[in-house]
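Presented sequentially are two complexes of chain A, the first with chain B as partner and the second with chain C.
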Partner chain A sequence: MKIKLDLLKWYSLIRFVVTLLPLIIIFLSAFSEASFLSFPPKGFSLKWFVVALTDKSILRSIQTSLLLAAVASMLSLLIGTLASYALVRYRFPGRNIIDSFITAPLTLPMVGLGLGLLFFFSSFLGGLSFINLVFGHVIITLPYVVRNISISLAAVDKSLEQSAMILGAGPITTFYKVTLPLIKPGLISGTLMAFIASFNNTTISLFVASPENLTFPVKIFYFIEFFPDPRMFAISSFVIIASLAIMLALDRIFGLYKIALR
Partner chain B sequence: MVTVQLENIKKSFTEPVLKGLNLSVKSEEFMSLLGPSGCGKTTTLNIICGFLKPDEGNVYVNDVVVNNLAPHKRDIGLVFQNYALFPHMTVKGNLAFGLKLRKVNKKEIEKMVQEAMELIKLEGKEDRYPRELSGGQQQRVALARALIVKPQVLLLDEPLSNLDAKLRREMRIELRRIHKEVATTTIYVTHDQVEALSLSDRVAIMHNGEIEQIGSPTEIYQRPKTDFIADFMGEQNIISGKVASVAEKETVVSVGDLLIHIPDSSLEKGKEVHLAFRKENVRVNKKKLSNVNVFKAQVIYHAFVGKYVQYLLSLDNIRILADVQVDFATQIYKEGDHVFVELRSEDFWVLQ
Partner chain C sequence: MKKLGPFRLSNSAKIIVLLLLAVLVYALFFLGPLLWMFYNSFFRWDPLRLVDRSVVTMENYLKVFTHPLYQTGVINSFIVSTAATLLSLVFNFPVAYYMTKLKSQARAITTMIILTPMMTLSLVTSYAWLTLLTPGGLVNQFLMSIGIISEPIIFWGTRIGVILVLVYSFSPHMTLVLNASLENIDPNYIKAAQILGANRFQTFYKVILPMSVPGIVAGSILTFTMCISSFLSPYVMGGRVVKLMAVQVFDFISVQLNFPLGSAMAIVLLSVVLLMVYVIRSLAEKKFRGGT
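And then the complex of A and B:
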């Protein structure tokens, strides 16, 4: 028992270090004085933070990514809730096909999906716009929401909804008063995962983001390709710290840890 | 005055489950729907509630067809086997749910919840969550939640099957008491015959998607109409024979070499019949005390079970069971003993 616990402890520690190491390298390198990527960092300065945080194009890409992630995850939440409800509660022809269709993007190679979307958008939907970008992201964020909500919904016994109805609640009241509160953990974690998946996504955006709508990961990708200097480290550290802060705040508010454990 | 009526209800899933079910429940009656697992009892309740639509037939509440009424407009109380209490609400929240939907004012809700808590004897536990209650307590909350809105009809789907034997006995008495107090027309679904017999004004036996017999508990117990019901209501003796002669007051049925006299005179000579008699009506004696319906027998097996002795007896080549009451003066026969079995002619009845 004792040995097992120790093993577990060491395992967690190593996992932690391995996960954090790249982040620490990025973080340290951001304080470099040099104008090229280097590790260990040469000297100490905050100049790349200044450069990064005053670079309008970078800030704009962050803004685009945040907006995109927010819209995509909210749309996924809406569509995903309805889709999950139908998939879990009803048996209808084509149910399995729709189910696999929604979850397929999780397993398909994203390059293929991105390429396909690019052709689809330019041939049928008048090129690359923010709306089309959202469309592309919803395809990859929807599975997270549907998966999470479906699992929560399957755990809500049908007899609870039936009890509400027979007590006089119509379908909408029943959903609002009984189903929704019971699937809330799934809603929150699904939407959060969708947000993160959208914010992190590079491949799809690389194909379907127009120059006016470059997302943050794509921007970093281009920068490393064409201007490899530590401003990317600076801005990445900034984003990492910001997301950690947001996660901590959300944990305080909703108890993410508890949600993840359900 | 609330009646429920099911008229020729048919419902199929992959195969037919209800095949023309008719049932009529009187006002304030406690009616049990008794049948083996999978015979369609829950399906019947779901149709009364409106969760399922019948393929054919009509559901009447107070002589009005409710087939096309949504469940939330039917004014029915329902208790599930798993209680289905809302886990995110306290006991009070659960009880108040239906009242709030009916726009009852806050003060009134408070009062009604208190009354309900008294009815189910759970005063002081209003603020608990369902998971903080025992199975029996949850059961009572579920019952109160269904009753608090004063539904026209109360439906219970095997509400006691998740409780242990002792609690089940207590809850049977509780249910009876509560039904006396509120006098709501009730349909109680169960596959437990003891529950059905001890609770109900009338019992309806379901078999093969229809009601096979309906009657008072004593009728159902003492005169089950068919082989299936006789068997379902507990081990009984069923023997098959042929009508040998029919007279005004007495019919004789021959079972092998035995001649059995029964009072039924509606039979035709030569007809094959199934006769049933209860094992507690069989008398076992050392001597032949009469000439009618007395048969030579041999003890194959006996078991002392406290209040009575259970015998397995062979009469020629048929075997019957007998439960004989005993006290310390009664002789207990052993395996191989020769005895005489005596039955009164009115203890036999003919199965359909």
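And then the complex of A and C:
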């Protein structure tokens, strides 16, 4: 009995190592001296970090991605909070349809959405502008926000809101002073997840980001297509460390396990 | 409810105000593009105007299913996604089960490890796998040194390679769904089975496995839809050599600029996924109504 459980444990440990293997490769290969990617890395040098950090086009793409993720997640926060309130607090015809529509973009193939958006923008709404790119991302970030806020909102006792109203607070004051503080965990986790989803999104951007708004993942895509050298891994190491830090923060604040299951 | 004051909006007006922005965004940036793509998939491609809207035709859809190139794409997509789903199930079931036995601290750490493929750029992790899976790479060297294989396995541009990166990329989803369903099994059933004299294998086969069927089904359908929709990891690992629907959709715009045919292929892909989602929904509802 003991042996069997150990077998399970060892298998799981190997499985965890395999999960982390690509990250280890990324970190170690970034220190390679060679101008091609191989593992184990040849020699040791920091030159690819220097190349990556002095490459203006990479830094620019990171800047674009950060701005895009910030704007998309803030817009999702605004639109998502309003929509979640309607979906959780009211029962009305068409509610289920709207509810399933909101999560639909995450279940549908991104290539399909991307192609549709590209095709649509080339005929309407004035082409591949930054604003159109932002809304292409809002479609895939809004589901995270709505899901997280809806869960928090459903847990808020309605009688608290009603007491505030009875005591004379208007609907906006009630929302601002009572509901908002109570759903704060949902707001934060939803927005962070939206931010990460937008920052990491490659497929939608690949279709609808114009050369002026090249995002970081698209830049990486072109590196892989045309010059796959260790600079890609060097810059990714930074991005991975940053995302791990966000994950750790999420875990500390809310318990990642609960968030992941939403 | 009684209205409290002259400025209070009726409930329906409130709902409209609250949902207005979301509905507008979805109509313009989700439904609009999909319908536009659907509409244009019934026309011919025109080298100058992109789409020639003078004749309505089904030929794009016929081409997707009958032209050998695209037919291969459809078939390959199904083969690769099915294989990746089954492998993912087999690889992750033990881990999902192991995680139910952990205490909260260890659980948090393992969950974090399991989630890493989801939180990192799949392009980069897939490329990292590619450097490991070259003919002279570490994996082939290891397999040859222990004598499992005598010739290096080619992973780039083959279905095996694509299947492996798909398993890696979508393991978090499978593991979490399985784990959630295993978590719900009352440990008393397992204890009861053991008291009644079942050995570990029997306990697993007769108690744990049947009780985790809803999780297995849900996890498999989810993984399948993720795999068949996926474009980046298969593209890194298979290039344009392994023909897959999702990769071909991208090819239509990056290489051929054939919007109508690309749209038809995307619509086929979307329909497959929608069907799967519908199946998940109805299964979940059945389970809910059954009261388990």
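In this section, the second predicted complex is superposed on the first by the 225 of 262 C-alpha atoms of A that agree within 3 Å, B and C clash if a C-alpha of one lies under 4 Å from a C-alpha of the other, contacts with A are read in each partner's own complex, and residues count from 1 in each chain.
By our rule, contacts are C-beta pairs under 8 Å (C-beta built on N, C-alpha and C of every residue); 3 or more make two chains touch, one makes a residue touch a chain.
Not measured: the values here are computed from a predicted model.
In the superposition on chain A, A:M232 contacts chain C only, with no contact to chain B. Of the two partner chains placed by superposition, only chain C is touched by A:G116; chain B is not. Of the two partner chains, neither chain B nor chain C is touched by A:Y222. Contacts of A:S163 after superposition: chain B is touched, whereas chain C is not reached.
By the touch criterion defined above, A:F130 lies against neither chain B nor chain C after alignment on the C-alpha atoms of chain A. After overlaying the two complexes on the shared chain, residue contacts for A:F175 are found with neither chain B nor chain C. Counting the residues of chain A that each partner touches, chain B and chain C differ, and the larger count belongs to C. When the two structures are aligned on the shared chain, A:A86 is found in touch with chain C, with no touch to chain B.
Shared contact residues of chain A, touching chain B in one structure and chain C in the other: 165. Within the complex, the chain B residues that touch chain A are 49, 51, 70-78, 80, 82, 84, 86-88, 97-98, 101-102, 145-146, 149. Of all residues in chain A, those touching chain B in their complex are 157, 159-160, 162-170, 173-174, 177-178, 181-182. Taken together, the chain C residues at the contact with chain A in this complex read 4, 8, 11-12, 14-15, 17-19, 21-23, 25-26, 28-34, 36-37, 40, 50, 91-92, 94-95, 97-99, 107-108, 110-117, 119-129, 131-132, 134, 137-138, 168, 171-172, 176, 180, 200, 225, 228-232, 236, 246, 249-250, 252-253, 259, 262-263, 266-267, 269-270, 273-274, 277, 281.
The touching residues of chain A, when paired with chain C in their complex, are 1, 4, 8-9, 11-12, 15-16, 18-23, 25-26, 29, 37-40, 78-80, 82-83, 85-87, 90, 92, 98, 100-102, 104-105, 107-113, 115-120, 122-125, 135-136, 138-139, 142, 146, 165, 171, 196, 200, 202-203, 206-207, 217, 220-221, 224, 228, 232-233, 236, 239-240, 243-244, 247-248, 251, 255-257, 260-261.
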